[in-house]
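Pasting the structures here.
In the two complexes below, chain A is the common chain; its partner is chain B in one and chain C in the other.
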Partner chain A sequence: MNDALLSLVTPLVAALIVLTGPAMTPRRASVVVLLGSALSFVAALLALQSVTTSGATQTLNLGGWEDGLAIRLRLSPLSALLLAFTALIHLLAGLYARFSRFTSGDDFWVLSAFLHTALAALWLSADLFNLYITLELIGLAAVAMVALSGPKAYQAAADYLLLSLAASMIYLLGVVFLYSEYHTLDVIQLGTVSADSARTRLALALITAGLMLKGALWPLHLWLPAAHAGAPAAVSALLSAVVVKGPLFILWLAWTEVAPADLAREVGPMVATAGMIALVAGGWAAMRSPYIKVLVAYSTVAQLGYALMALGLLMSWQIPQMHIALWLFVIAHGLAKASLFMAAGEMQGTLGTRRLTGLRGATQTVPIAMFAFAVAGGSLIGLPPSGGFLAKWVLLEPILSQPQNWPWAFGILLGTLVSAAYIFRVVVLAFDRATINPPDTRPYLMGHWLALLPALIVWGMALLGEQLIGLLAGGGV
Partner chain B sequence: MILVQMMRWTSLLPVLIILSSLIPALLIFATPENAARRRTILNLGGIVIKLCLVLLMLLGVSQGLRFRFEVDFLPGASLVLQGDALSLQFVTLSSILWLATTIYAIGYLQKSQLKSRFFGYFSLCVSATVGIALSGNLITFLLFFELLTLATFPLVVHRGTDAALKAGRLYLVYTLAGGTLLLMGVALLHSITGTSDFVPGGYVSGAVEENRFALMAAFALMIVGLGVKAALFPLHGWLPRAMVAPAPVSALLHAVAVVKAGAFGIIRVVYDVFGVETGIALGLTPVLMLAAALTILYGSIQALRQTDIKRRLAFSTVSQVSYITLGVAMAGPTAAIGAVVHLVHQGLMKITLFFCAGNMAETLGIHRIQEMDGLGKRMPLTMSAFTVGALGMIGVPPIAGFFSKWYLGLGALESGNDAMLAVLIGSSILNAMYFMPLIYRGWFAQPPTAGWPEDNFKKSRFETHWMMLLPPLFTALLSLLAGIFAGSLASPLGWTEFIISQEFAL
Partner chain C sequence: MSSLAANSIILYLLVAVALVMLGLYGLLVLKDPIRRLIAINIMGSGTFLTMIAFARRQDPPDPILHALVVTGLVVAISATAFALRLILAARESREAAASGSTETEDE
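Now for the complex of A and B:
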């Protein structure tokens, strides 16, 4: 548990140093924050090691108060894994922001460190109110980061802020209903007392709606493309890779721990259907988008469909394999999407256009960034042996083993084809040699290589496949 | 101690064979455009090493050694590479033809740009093909199958023109959809029976009683997925269109890499996953046989209608590759010999034809059949190689193609599929109808009085650049030798009989 706390505190300390430290140039700030992320990553790995060797979930009541009163933190193999994942993404995005030619804004460093802290707190919380606080912090940091792009992103940032606040309010309302019914907000306690009642149903509906809005889960995703496409590349990477996963985590807690199992079974198919529609509709929108970053942003909507589908099937069938699939998707998507956004940022910066058609001949003008895009895209499609393939495989197995479940497999098939369509739409353009779009500036290769790094990591996930599955097999919490 | 050493050696060899082209591929990507000599050394060095390693493995397998490498991947399905007699058949074919094609490509692409990219993907493509050959189970096969799609795409669109991009898009639509269906099939089968190594006779027979329908669905998904690459009718649409690729790519696509990967996959699925007996019990092989017979006739008739040389060759591939599927589906040992040996024979003959077509186009600008008039006077060596390849395709002894057809025909009678004998004879007549005019025009018609559309390589000592002349002569010679020495174990036919004796436990 101490390691996990260390992983939580280091980015906070880094942020405070950046805010209060004397003569803090952006360059120094970047060093401090990057060191903080690296330390946090190491601490998270140690926490992961300790929680897997002890084999049990560890809890800690802050200040030593008794259950129900205290702020309770909980470290499970899953939360340790997510801590490590978040720190890794922050490290990769930070490295990119530091070395890329295209600036992410001077305030990127302190905001990203705050965001990191809030996310770490979210993974460790086991209390619905506590989770609300972390959700608000994440939302505020994320909105500020979208605005780093300058005046042209203010509109998107303002919309994001309003929606985010509204979503939080809806969520909070649901939490209040739950409290009035059960007089506790502790997730573990709620799980033992919750029963199927009208008020519980209403509360869960509100919580779900709020979280789906915040997490841009279909059909409440409409704000995402503008916000994610408008932000600087490093910020988009963070937003798509980790930020939208926060609400998903709470949603998962609400339906697997808080909600009574029968109710979850009833609602599960609806959630899974939403996921299936998200896959196809999001993919379709990505396929039609004329802008590079909007395409990538819609692909997030589509890919979250996989996660939603896994969650829905987990709820309705209550089998642990879906749990594994869900979190494998989250991690694989995070890494791949970080790479995609960075590559997209590099390409549109170098080629001087936001339009997809500007990518003609990109395999010659920006070969490494384009390669990163294709490699990361391969994981989104689920080509073996990438992390995306691993997740899809785990999701497919229980679906295929019963003929009556095969319609869901059809959804996955469609999703795969649509993802392939929008990724290769870009790749084919890049091979155009007849009408090459010449770059505005000489490509600055460091940023391109750093964009490739997360993509290589996600393909390397396959080597750890057995370990990751074993880690998540415990059922999470 | 020696035993441990041996085990290590035998498990490393399959990996080394793949790495011997994968590492050069990565190094070639990093090679500057104008460092032609470094690129050539990397290319040829990789091939020489690979050929030595393959030879070593051939010797090992014929002595009864087992080569197997395994690393954890998915639960219940590790990545397995293994060298058995069947995989070696394909590995040897691709390594030798890779040698020929690389030399050809170096000559062919001398004046073009982006050579590092081209040869990088070229080597990657061969690594994927060899990986397919050495795959020890379906998961590993799937992995390399998808890698092959990705590695060949940049080659297909190498010219980067609108037509090339269009063909590339079509190629991706077909192959990625096929790959997804294959994945579904593999996953479905895995959920029923688990994934074990390929074994002669298959490993699903225990599940037939309970999961009849699911097994049939898995088989259908896999065959459709593989059938896209094997250009089974009606999944062949991408193949003629992919002809816009440079000639060495077409040669590789048609003779070794893509269509053969599909055909090889069908062999594996029918023999080593389902097993012939299960295939019959589930009623699957007749359907496959029908699809193959249809494709053979359809491809031949379409070939007859083409006026462009490369397109005629492309449809001829559609037809000829289905001989392999047909032989597999007839489910008897003799037909199986015909099928497996045709994998090699068709490769040798078809690559010769494509090399020759490329020579005609590059040297004299000949693309259409009627432009071939009198070619034998200007390019006698190319025309001779072309003739050997074409006659082999028709099935004239002693060229290799004859032996494929002979065993397929015998197999049709032996397995009681007399109708298939008619298909074979009909297709041979069609083959003759679409190849004889080319041979006739080349040797006996008068050269055009207005001269050739182009006339390059006039300063060359030979009729064309020597690096483009040598490969077709080499492969034509091989297809002759494979026929003449068909009786020895060192020939493809001899080796195939060795394979089939294992598959059918004769």
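Now for the complex of A and C:
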């Protein structure tokens, strides 16, 4: 537990040093925050090791208060894995923001460190109200980061903030109804006492609606493309890779631990259907988008459909494979999407256009960034041996073993086709060397290589596949 | 202080539900961002009133719910302040862009 707390506190300390330290230039701030992320990553790995070797979930009541009154923190293998994942993404995005020529704004450093702290607190919380607080913290940091790209993004940031505030109010109302019925906010205690009643159903409906709005899960995703496409590249990478996964984590907690199993079984198919529609509708919108970053943002909506589908099937079948598939998707998508956004940022900066048609001949003018885009896209489609393939394999296995599950398999097939369509649409344009769009500036390759890094890691996930599956399987929660 | 009668708690809860619905309606229908922010705050008042009403079901009132309301208020106030500043900045930038483009058109 101490390692996990260290992983939580390091980014907070880094943010405070950046805020209060004397003569803090953006350059020094970047060093402090990058060191913080690296240290947080190491601490998260140590926490992961300690929780897997002891094999038991560790809990801590803050302030030493008794159960029920205390805010409870919980370190499970899953939360340790997510801690490490968050720190890794922050490290990669930070390195990119530091060395790319396209600036992310001077305040990027302190805000990203705050965002990192809030996310780490979310993975460790086991208390519904504390989860509300972390959601608000994440929302505020994320909105401020969207506004980093200057006055033209203020409108998108303001809309994002309003929706985010409304969503957390709806979630909070649901939490209050749960408390009024069971007199506890602790996830572990709620799981033992919750029963199927009208008030529980209302509470869970409110919680689900709020979280789906906050996590941009279909059909409440309409705010996402404007916010994610408007932000600087490093910020978009963080938003799509980790921020939308926070509400998903709480949704998973609410339906697998708090909700009674029978109710979850009843609602599961609806959630899975929403995921399937998200896959197709998001992919379709990505395929038709004329702008590079909007395409990538809609692809987030589509890819969250896989996660939602895995969650829905986990709820209705209650089998551990779906749990593994859900979190493999989250990690594979996070890494791939970070790479896609950074590569998109590099390409549109170097080629001087936000339009997709500007990518003509990108294999010649910005070869490394384009390679990163294609490699990361391969993981989104699910080409072997990438992380995306691993997740899809685990998801498909139980579906294919029962013939009556064919509609779900069909949905996944359709989603894969659409993903392939929008990725190949970009790749085909990039190979069009007849009418090249010449770059505005000489490419500065450091940023391109850093954009490639997360994509290489996601393809390397296949090497760790067995350990990851074992980790997620052993730690049901 | 004794706990309130069930009827009056139901009255408070009905008012709270009405506030939440009003806020939600405003959020969906209104276009002006400051009005939408006020609508969200009305929703927030409804949520907090629900918590206070539930707290009074017992004697003495449930201190945990009171603590949650205080925390929630702090979050709501900070978020509202941030949202107001952001909405104003967005309006200023939009007006600057609009006046900039008309000037170039005039030329």
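In the analysis below, the second predicted complex is superposed on the first by the 475 of 477 C-alpha atoms of A that agree within 3 Å, B and C clash if a C-alpha of one lies under 4 Å from a C-alpha of the other, contacts with A are read in each partner's own complex, and residues count from 1 in each chain.
Heads up, the rule we're going with is that contacts are C-beta pairs under 8 Å (C-beta built on N, C-alpha and C of every residue); 3 or more make two chains touch, one makes a residue touch a chain.
All values reported here derive from a predicted model rather than from experimental measurement.
Look at A:Pro403: by the touch rule set out above, it reaches chain B but stays clear of chain C. When the two structures are aligned on the shared chain, A:Leu128 is found in touch with neither chain B nor chain C. Residue contacts after overlaying the shared chain place A:Thr416 against chain B, while chain C stays out of touching range. Using the contact criterion defined above for the overlaid structures, shared-chain residue A:Ala157 touches chain C, although it does not reach chain B. Judged by the touch definition given at the top, the superposed model places A:Leu173 against chain C, while chain B stays out of reach. Applying the stated contact rule after C-alpha superposition, one finds that A:Pro385 touches chain B and leaves chain C untouched.
Under the contact criterion defined above, no residue of chain A touches both chain B in one complex and chain C in the other.
Those residues of chain B that touch chain A in the shared complex are 72-75, 79, 114, 117, 139, 142-143, 146, 150, 153-154, 157, 159-162, 164-165, 168-169, 172, 176-177, 179-181, 183-184, 187-188, 190-192, 213-214. Per the touch definition, chain C reaches chain A in the complex via residues 20, 23-24, 27, 33, 36-37, 40, 43-44, 46-47, 50-51, 54, 57, 64-65, 68, 71-72, 75, 78-79, 82-83, 86-87, 89-90, 92-94, 96-97. Here chain A touches chain B in the complex through residues 361, 363-364, 378, 381-385, 390, 393, 396-398, 400-401, 403, 409, 413, 416-417, 420, 424, 427-429, 431-434, 462, 465-466, 469, going by the rule given at the top. Against chain C, the residues of chain A that register as touching in their complex are 69, 129, 132-133, 136, 139-140, 143-144, 147, 151-152, 154-155, 157-159, 161-162, 165-166, 169-170, 172-173, 176-177, 179-180, 185.
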